[in-house]
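Take a look at this one; I'll ask things after.
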Amino acid sequence: MKQLIVTTLLTVAAAMTVSAQSRIETITLHSEILNADKDCTVYLPDGYDHTQESYPVLYLLHGASDTHTAWVEKGNMRQIADEAFASGAARKMIVIMPDASGEGPNHTGLHMGYFNVPDWEYERFFFEEFMPDMERRYRIIGDKQHRAISGLSMGGGGTAAYAFHHPELFSSACPMSGLLDVPPGPRNYTDALQKSLADNSPVATLRNMTEEQLNAVRSIRWWVDCGDDDFLWRSNVEFYTLMRERNIPLQYRMRDGGHTWRYWQTVLPDVLTFVSNGFDK
Amino acid sequence: MKQLIVTTLLTVAAAMTVSAQSRIETITLHSEILNADKDCTVYLPDGYDHTQESYPVLYLLHGASDTHTAWVEKGNMRQIADEAFASGAARKMIVIMPDASGEGPNHTGLHMGYFNVPDWEYERFFFEEFMPDMERRYRIIGDKQHRAISGLSMGGGGTAAYAFHHPELFSSACPMSGLLDVPPGPRNYTDALQKSLADNSPVATLRNMTEEQLNAVRSIRWWVDCGDDDFLWRSNVEFYTLMRERNIPLQYRMRDGGHTWRYWQTVLPDVLTFVSNGFDK
Amino acid sequence: MKQLIVTTLLTVAAAMTVSAQSRIETITLHSEILNADKDCTVYLPDGYDHTQESYPVLYLLHGASDTHTAWVEKGNMRQIADEAFASGAARKMIVIMPDASGEGPNHTGLHMGYFNVPDWEYERFFFEEFMPDMERRYRIIGDKQHRAISGLSMGGGGTAAYAFHHPELFSSACPMSGLLDVPPGPRNYTDALQKSLADNSPVATLRNMTEEQLNAVRSIRWWVDCGDDDFLWRSNVEFYTLMRERNIPLQYRMRDGGHTWRYWQTVLPDVLTFVSNGFDK
Amino acid sequence: MKQLIVTTLLTVAAAMTVSAQSRIETITLHSEILNADKDCTVYLPDGYDHTQESYPVLYLLHGASDTHTAWVEKGNMRQIADEAFASGAARKMIVIMPDASGEGPNHTGLHMGYFNVPDWEYERFFFEEFMPDMERRYRIIGDKQHRAISGLSMGGGGTAAYAFHHPELFSSACPMSGLLDVPPGPRNYTDALQKSLADNSPVATLRNMTEEQLNAVRSIRWWVDCGDDDFLWRSNVEFYTLMRERNIPLQYRMRDGGHTWRYWQTVLPDVLTFVSNGFDK
């Protein structure tokens, strides 16, 4: 009897919180390019199962040493997206969280990272197999105007590099606390990952772009966000500097904080709003 | 010479701030219903003059003792809208600020207020003459899904009442610090304005709605906002209570502050984001 | 080798995040009044171990079905406090998280809740044993001006009730999503917990206060916070209404959200700032 | 009669907004050093006239082409401070707004700017005459721990330079959108103002500091804030970079916006909170 009221309270509370019928799916697809199975986490918004509507899509990339599950398990992305869509802060979209980890039974892979290395052409897999497969599998509108990309840390570097390599595919790109250049210190170019990071460095790429390339980059809406205590502060500040010098419009935010999930949980709602308003144009 | 550097600084600064080419227009239209000329202020977003695009529309109502110019002159609405559209926080829209003041040479009228009183049927003017005229005059999409209404104080009351009277016309309704019921105290029903406020009280209307009417109201997205120090707090809290009791989804915010332009300047960006995401559906 | 760069990144990141040398302690104390051992979690701010300084104190109460560990384990309170103190948003303080759960091996107890029930006089324990013990054990300034109380849900009800019972002890009281009245529905007064909640209902207490009692309550700074989707919305709105009617100054916030840790993690930084500025007077 | 209800509304509203009895004073003092009279605006918080309490102090500097009245007239500082103190976001303090304009009948002066130029030793005036006079004239605590400095644009440059020159005097320094280095382009060192800006450039000064000087600078709490669209972005980013390279703890914020009063009105509440928590230590 003592617990009756508590049970009542908790039941009512639970009833409130399940009201948004979003859904998280984990799927596995086989890659010919990688010769491996890769996992992927997908967020389907409230209403997806009850309509025939097609949706915009956000690709949301994890950081080094994490996997496709990180945004849901550590980043609380489902609740954040549910709230953003329910409160009218953002437009409903499908969020696809690929896996770029390199180890372990559930996400087998030779290498970590978003770029091509010998025997593991991840970037080619992403654009030639993964993205087309996802956009067939789900009701995704599937044009530049309704496709955005974001990610944190190593995934922030992937975000900027993918947008630079394929400006025709993304309306918005939003690196959070991005690894936007190779970290300072001695570089070891026999290490495949480190070499791939150097070869795809957004800062270095931006520095050497032709005017034609810059024009293509200007067709993307940019939101760059990095905490004032982040250990990756320097490459973010350099990226901002280069973007301003090249007259590429961007949103840049520096808030309080470091390289933490608390920071990214603060950034994600703004990114959802930002990419939403790009989908509208 | 001493001023050279200052001039340089100010010139550069000015160059930065005029980059958004939005435009404010004041127009006058003659009303047969009112037998009077009425003024109106219109915000046209950056790009309006250089494309053939049609836009969503927000009707933005002023408060008691103000006029159609208040949102621009006291509320800084142009800069707020410019920033919201430029930063990707909201979707570009046309903002129409009608006049419901009752006196003065520039906005001649017999009565203040958004409702019908004897010899001055303002609400009829609004829906039969003003809104249709505006939506012909400007490139406005002109359906419920791309039309929203907001306003402060007396205009917040107008916002809720207009949405209640015409749920088929507005996708979002956002009363700020709204006069959502007649203030407590002795009521003087020989006074036309006070009688019209009582007759159109959103709180009283909501209390007496049929289930069919409630369903229509549920087709509107609601954002209600009122400061914790506002002298109109009571009718806002009653409105929130009734909306929850009737299971009408709404966003409600209570922030720090009173009945001040500083408060409304804080609310407006959120309202622009909120109505934008309603336009998208 | 492939992992070298990752290891480097993670090491640098870890070095950044441990820079605030705050400390969490769990202690157990024996209560004569309860005839039981009770656990408690304590947050000691960066610098505590290296100075002889005394600190203000915040008592931070958990909700129903949780324990003294909830604020740290689910509420991320340590990181939030670290950041608030490091960024200058709040003043360093000691945060004491008592246990009012009723079951389990680590926090043995007959009853859940912050109030007295037959054979389990928790409130008497709190004020006669627990608080004095804590303020001897740690370097706590220990006067009203440097003592605050906050808590969520059932602990929000405890916060308001304790402040009402002992206005001479707290400079600030901050109920979050508080159970500020017994929930509507049939009441079972043979249930000890439910009877204690009804007997100590902040809403009912406030309704019946003498002017002398109201004056004492006015000596406390109030911050009341409850999400617009919270299932406890009604008693919070009633509390706000009564406080305004009785002319008791308060801060009230209604943000987006429900009865969730995400909400409370958003509120806690503001509460730390708010109580800090009360400590200063 | 028609106006009765409006009058009632406005009267109640007015009654609400005057509840904080802060006060703005304009005073004139004669400077021997400058051989001129200088004006100054002073904000005295609610309660100043009714107690014998002493207060912390914030020196708040205006920008180029403005005067001592700008923060009140354009920056809405009085309402912002009233709200921050009333809501518990900051601790009550006296705010002193000196004049560093150079022209006009009300603030006679030969030169604009916060630094010494031939025949117009403004910085010497500030520290030898102005600050001591103010701290005698008002009940100001008057030690480093309870003294802060902030300012915008040219006044942001003054803020950083004054803190560098006198780290023993300020607990917190908060440049907003600061002119933290001379702008790029041809420099004219025959112009006294431009030469003084170059000589006192915070970026250049920081670059050349000894370890002893850096240690002194570390005794100041720093909050640096500059919009992502500000035309002074470069020197702010350079300042942040140097501060991080020299291991000087700082808060840095980059929000949306340019060199506008709307931006500074957003920053000021955070600065008041930040300096408050420095006063507490």
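First chain written, first letter: the chains are A, B, C and D, and each begins at residue 1.
Following the convention adopted for this analysis, contacts are C-beta pairs under 8 Å (C-beta built on N, C-alpha and C of every residue); 3 or more make two chains touch, one makes a residue touch a chain.
Here the structure is a predicted model, which means the values were calculated and not measured.
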Taking shared numbers over all numbers used, above half giving same and below half different, the chain B and chain C interface sides are same
If you tally C-beta contacts across A-B and across A-C, the winner is A-C
In terms of CA centroids, furthest away from chain D sits chain A
Taking each chain's centre as the mean of its CA atoms, chain B sits from chain C at a distance in Å of 40
Cα centre of chain A to Cα centre of chain C, whole Å, reads 36
So chain C residues touching two or more other chains come to 87, 89, 251, 256
Contact graph of the chains (line, ring, star, complete, other): complete
Listed in rising order, chain C residues that touch chain B in their complex are 228, 233-234, 237, 240-241, 244, 250-256
Chain C contacts chain A in the complex at 1-2, 4-6, 8-10, 12-13, 15-17, 64-65, 76, 79-80, 83, 87, 89, 102, 111-112, 153-154, 179, 183, 185, 188, 190-194, 197, 229-231, 256-260, 262
Chain C partner, complex, touching residues on chain D are 87-91, 172, 221, 223, 251, 273-274, 276-281
